[in-house]
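I've put the structures underneath this note.
What follows is chain A paired twice: with chain B in the first complex and chain C in the second.
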Partner chain A sequence: MSAPAKPIAETLGLRGGWRGKWLPWALIAPMVLFALALTVLPLCYSLLTSFQEYRLGQPPAFVGLQNYQHLLHDLNFRGSLGTTLIFTIAATGAEFVLGLALALLLKEEFRFQGIIRSSLIVPMVIAPVVVGIIWRLLYNADVGLFSFAVQALTGKSLSVLSSTTLALPALILVDIWEWTPFMFLLLLAGIQSLPQEPFEAARVDGAGAWNIFLHLTLPMLQPVIVVALLIRALDAFTVFDQVFVLTQGGPGTATEVATLMIYKSAFRFSQFGYGASMAIALLVLVMFFSAAVTRAFKGKA
Partner chain B sequence: MIRRQFLKKSLGVAAAATAAHSLSSCGGKKDASGRGQITFGSYADPALDILKEVILPEFEKVTGIRTEWVEADFSGWYQKALNDGQTKAGAFDIYVMDDLWVPRFAGAGYLANLDEMGFQTDQDFVPSALDLGYWPPKTGLRQPGIDPKAKSTLYSLPLISDVQLFFYRNDIFRNAAPATWEEVLRMARQKSDPTKRQYGWVTRGVKGNPIVNSFFVLLHDFGGDIFGENWKVVLNSPQAVEALEFYLGLLTYAPPGVAEFDSDQEGATLLQGNAFAATMWTGWCPQTDDPTKSRVVGKINFDVPPKNRNQVAKLGLFMAGIAASAPHRSEALEFLKWFSSPASQLRFARAGGTPFRTSAFKDEEARKKSRWLDAILRALTLGVPSPRTSDWSKVEDILGTELNRALLEKGKAKEHLDAAAAEATAFLKSAGYPVG
Partner chain C sequence: MPRLSSAVRRRLWFLTRLSLIVVALIVTLLPVYWMVNTSFKNQVEVFTSPPTFWPQNPTMDNYVSLFVRRHLGSYLLNSLIIVGSAVVLSLAIGSLAAYSLARFVKGQLRESLNFWVLAPRMIPPVALVVPLFLILQHLGLINKQLGLILVYTAFNLPFVAWMMRSFFLEIPMDLEEAAMVDGATRLRSFRDIVLPLAAPGLVATSIFALIITFNEFFFALILTSTPAAATLPVGTAALIGKTQTLYGEMAAAGVVAAVPLVIFALLVQRHLVRGLTMGAVK
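Coming up: the complex of A and B.
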C-alpha cells in the first residue's frame, strides 16, 4: 500500500514562510498590474482630464468642476442622453422579445436546424460599420428598398434618414437586425440547459403551452434573461458605429446619441476636457443602471 | 545539452539578434543607398492616387530616398496625426492634412517651420493656395492669444489644389455655363422632372461640414459671412438669410432625401445623369469622363461658381507639413522642395494631378489631359477658405445642424440662422473670443 499523496502546496514548498505568504501574490501581480494599466489608468487619466481645460498646443489648465457645471446646462447633452435612453430601451426590448420567440421556435431538433441557426447569427458577425453601409443603401430615398416599397404602395417616395420622426426608429431597426441573434443565442442556450423534469410533470398534469411558458420557462430562465438584457442594454447605451455611418446624429439632432457627442467634442472640436467630463458622466450613469439592475435581481442572475 | 546550457545559448542568440537589429536601425531607417526613408501619413482619397502611383516612385528614383505611405480614413488619420503631434512620437515625417487642420497643427507646434528650414517660395505658386500654409494667417482675423503683429510663417505646402467647381450639364445649359445663380434656378424650374428622376440641382445636405461647404459659396456670394470684426458672429445677417432662402429655393429641385446626401451621393446623382448642376470638389472631375463611372461622359462641363454679387469659390486644399517630431526632416524637406519644383509640378499636372504652380496649370499638354485645369485655376483666384481658427469645426457643426434643420423644414431661414448665431456666439465667448 502506497503512502497517501502530499498536498500540492506542500510538495512545492509553499506552505508556511514568506514563500507561502507572498509567492501567490507575486505570481499574479504582473497580470493584475497589466490589467490595471489597461483599465484603471486610462480611466483615472480621463477623470483628471475632465477637470481641465485642454486645448491643443497649450498646457492643460485646471478648471475644477467647470466642465461639469457646463454639462448640467448643456441642452444638447441632455437631449443626447434622452435619445440614447430611447434607443436603448426600444432596441433592447425588441431584441429580447424577438430573440426569445426565435429561441422558443428553434429549440427543438428539426431538419436544416444547423443551417437556419447559422444563418440567423450572420448579422451579428458583420462589422457594425459594414452594417451601417448596407442599411444606408437600403434606406436610400432614391434607390433604396424601403423607398421603393413605399412608393409602390403609396406613390410617394420615402426619405427615412431625412425624417426627424423616422430616423431614430430606423437606427433602432438596424440594431434589432444586428443584435437579435445575440439575444437568441443566449436565450437558446439558457432554454436548452433547463431541467426537463418540471416540464414533463406539468405536461402530465395537463398544463397548456402558454401556462408552461408563463409559469415555468420564464421564471426558470430569469437569470439568463437578466444577464442578456444587461449585456445588450449596456452595449446599446454606448452605440456609435451605426449612428456615425448612417446619420452623423442628424437630421438636426434627432439621432445624436451621447457617444457621438463625446466623440465630436474630443476629436473634432479638440475639447478634450469637456469630452472627458461627458464620458465620465455617461460612465456614472451606466454604473448606476447596472448596479440597480443587479440589486433588483440579486440572487436570481 | 542540459536545460541550463540550452537556456543560456538561446538567450545568447536572442541577444545577438536584438543587438544586430538595433545597430542596423541606428540613425533612422536607411536603405542600401544610404538615403533615408520618409513616412507619409494621410487620409485615403482617390485624389491622391497620382501622387502615390506616379510622383512618389519618381521621387524615389531621382533621390534614392524611399517613401512609405500610411493611410486611414479621414477621421482615423486626424486622430493618429493628433496623437503623433501631441506625443511627439515621430511615427510620421510628413502629415497630409485638410487645410482646416493647419491652424490646429501649426498653432499647437506639431509642424516644422518651413521658413526656418530654408524653404523658398516664388511668384509662380498660386497665392490663394500657398496662403493656406501660413500660420498665423496672412490676412483676416487672428485667433485670441495670437499676437496681432506676429509674422505669418510657412508651415505647410499645398499638395492637391482642391476647390469647389460648378459642374453643369452641357446638354441642358447649351450655350455656356450659367453666369448667375438666378439662371441656375430658372433652368431647374423649367427642366426638372422628378417623374423621370431629372433634378435641377443636387447638393450635400447632411449636417455638419458637408452642408456648410455647399452653402458656403452662396453665403459669400450674397454678401454674407461667418464672422465680422472682432469675431462677431454675422452668419444671421440679412444677406445670409437671403442666401439661405435662395439655397432652399434651389433645393425644391433637388432629389428626395437630399438632407442625408454627402459627397458620394451628390456625385453619384450627377454621374448617373439625374442632376443638371452641382458645386463639387475637383476630385470628381476625372470620374465624369470615365465611362465605367459616368453615364454622362462628355456631357459635364466645369466652371467657376455662378455669380450673384461676389463671385467666390470654396477652397479645400490637401496640404503637406513636416512633423515637428519627424525623424527624417531633411529628407522630408527634400521631398517638398522636389515636389514643388516647376519640373515636378509640370510632371504632376501632365499625369492628371492638380498642381499648385500657375505655370503647370497653364501647360497645354496638362490641359489636354485634364480639361478642368483652367476652371480650377480661375476658381483658385476666387477662392475663399474656411475661417482660420482652430475652433472652426465647432462653429461649423452648430451652423451645419441648423442648416440641415432649415432644409428639412424647407423654410424658417432666419429662425435657424438666428439659433446658429446665438449658439456659436455663446461657444466663442466661452472659448475666450471677444465676439464683437
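Coming up: the complex of A and C.
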C-alpha cells in the first residue's frame, strides 16, 4: 500500500506521454462531472434559494437571512426536529439492542441457519413504501390484525395511527421491524470476524458468559457498532417514506418529521425558499453530528 | 434451588434459544404473510371479523384489476428501465473512477479522497431535491425516465466508487505488472486480469445499488408523477389514495413491488452481507 507512486506508475506504462499523465484523471472525470452537475450544483443552488423568497410562478427575490430568522422562531420546525430526534434515538437504540441479541443468538452454526438468516432479513429488502402498506393493513381499525389483537385483549377498538399519542410510537415500531435486520446482519458479520484466541483464553481462565460479553465482545466489536449506529441514525434522521404512506405527518403534526415538513412546505405550499433554508439547516445538523461521532471514535475505530 | 446438571442446563439453554428464534421469525414474517394473505381475499372477506388466516375463496381479482385498471404494468416497466440503466451506468462510471483511485492515488491524498468520495452519501436527500426539481424542470426532464436515471446514477456513484475501490485494492498489483511485463497492454491486463478478479465485487456492489434504487421513493415521488415515468413505489403509493378501502388491491400492489426483490435477495444471499453493508464487512 505504501509503495512509492513512481515505480508502479512506470510498470503500468504511465511513464511520460500524454496518455500516461492523463489516464488517471480521464477515468475519474465522468464521476466528477456527475457529482458536480447533480450534487455540488444543486447544493449551491439550494444555498442560494435559501436566501430567496421563491414561490411557484413568481421570480425569486433576494431576502438575505429572512428565511433563517423565520426558521429560528418557527415552532413547527422546532417541533418537527424534536419529533425526528425522538424517532431517531428510540428506533436506532431499539434496533441496536434487538439486532445485537439476534446476532448473539444466531452466531453459532446450526441446522437451517441459511434459511433462517435469510428469512430474518426480508424486511430490509422490502421497499419502505411497501413496508408502509404492510403496517397500514396491520394497524387499520377495521381490517388490521394488530388492532384485532388489541381489541381481543383489551376489549377496546383502537385506531393507532389516528391517535396523537400512539402514532409516533407506532411509526417507531415500523422502523424497528424494518431495520433491526440491518443491525443484526452488520453485527453478526462483525462478531464472526473477531479473532477467537482471546475468547478461548478467557474461557480457560473461567470467565463467565456475561463477563466475556461485557469485557471482550463489546469492546472488540466497537468499530462495527459505531459504523452501524451511525448509518442507521443518519437514515432514521431523514426518514420519509413510511411516514408519508402511514400518517402523512398526522394526526395534526404528531408525526411530522423534518424531511416531511420540508417536502410539504416546498411542494405543497410551493415555498421553495423557506423549504431550502430548512433543508440547509438539516444538512448542517447532520454534518455536525457525523463529524462529532467520527472525531470521537477516530483512532479507536 | 438445586444445582442443575450441566446436561440439563444445556438442554434448557437450547430450548430458550430455539423459542427466541421462533418468536423472531414469527414477528418478522407474519406481517409480510398478512399482506400476501390479504391480497388474495375478496372485498367482503377482507372486512370479516375475526380475520381469516387463510383466504376462504382465493381470488386473483385484485392483481388483475391492478394491471388492467391501475397501470401497474407501466410502473413496473418504468422501474425496470430506470433501475437497470442507472445501475449499469453507475457501475461503469464508478468502477473506472474506483480503479483510478485504487491504483494511481497514493499517500495523504488517498486518505482525504476517501472522505470526499463518500461525503455526498451523507447529504440528506431533501437538501438536494428542491434544486434538482427546479433544474430538471428547466431542462424539461420532469416526469421523464431520463431525468430519474441521471439522478439515480449520481446518487449511486459515491458508494459504487467507494465499494469498488476497496475491491480493486484487494487485487495484488503484481498480477497486473506480470501481465504487462509479458507484453500485455494496460487495457488488456485490466480486461483479462483485473475485471475477472473484481467480479465478486461487481456483484456485491450491483446488489446494493439495485436494492437501493429499486426501493427509492423520495426522489421518484417528486421528479415523476404519471405512468409515463413513475416507478413502482410511486405508483404503489398513489394507489393508496385512489383505492381508499380496497385493501385487497393495496396488498396486491405491495406484493408485486416486494416479490422481485425478496426473490432476488434469496438468490444472491451469499453476496448479500458484503453488498448491504457497503463492503464494510466481509
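The rule is short, and it goes like this: the second predicted complex is superposed on the first by the 274 of 301 C-alpha atoms of A that agree within 3 Å, B and C clash if a C-alpha of one lies under 4 Å from a C-alpha of the other, contacts with A are read in each partner's own complex, and residues count from 1 in each chain.
The rule is short, and it goes like this: a residue touches a chain if its C-beta (ideal position, glycine included) is under 8 Å from a C-beta of that chain, and two chains touch if they have at least 3 such contacts.
Note that the structure is predicted; figures quoted are calculated from it, not measured.
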| item | value |
| --- | --- |
| Chain A as common anchor, with chain B and chain C clashing or fitting | clash |
| Touched partner set for A:182, first chain B, second chain C, both or neither | second |
| Partner chain(s) touched by A:218 [first = chain B, second = chain C, both, neither] | neither |
| Touching partner for A:161 - first (chain B), second (chain C), both, neither | first |
| Comparison of chain B and chain C by chain A residues contacted | C |
| First, second, both or neither for A:201, with chain B first and chain C second | neither |
| Contacts of A:267 with chain B and chain C, given as first, second, both or neither | both |
| Chain B versus chain C as contact partner of A:137, first or second or both or neither | second |
| Touched partner set for A:249, first chain B, second chain C, both or neither | first |
| Which superposed partner A:61 touches (first chain B, second chain C, both, neither) | neither |
| Colliding region between chain B and chain C, picked from 21-29, 111-119 or 219-227 after the shared-chain fit | 219-227 |
| Chain B/chain C common contact set on chain A | 140, 142, 267 |
| Contacting residues of chain C [partner chain A, same complex] | 17, 20-21, 24-25, 27-32, 34-35, 38, 46-47, 49-51, 93-94, 96-97, 99-101, 103-107, 120, 122-135, 150-151, 153-155, 157-158, 161, 169, 173, 176-177, 180-181, 185-186, 211, 214-215, 217-218, 221-222, 232-233, 236-237, 240, 245, 247, 250-251, 253-254, 257-258, 261-262, 264-266, 269, 272-273, 276-277, 280-282 |
| Chain A residues within the chain B interface of the complex | 55-58, 70, 140-142, 147, 157, 159, 161-164, 247-253, 264, 267-271 |
| Contact footprint of chain C on chain A as seen in their complex | 1-5, 8-9, 11-14, 23-25, 27-28, 30-32, 34-35, 37-39, 41-43, 45-46, 49, 102, 105-106, 114, 116, 118-130, 132-138, 140, 142-143, 145, 148, 152, 177, 181-182, 185-186, 189-190, 193, 224, 227, 234, 237-238, 240-241, 244-245, 258-259, 262-263, 266-267, 272, 275-276, 279-280, 282-283, 286-287, 290 |
| Interfacial residue positions of chain B with respect to chain A in the complex | 75, 78-79, 82, 86, 104, 107-110, 197, 205-208, 255-260, 265, 269, 274, 390-391, 393-394, 397, 401, 404-405, 408, 430 |
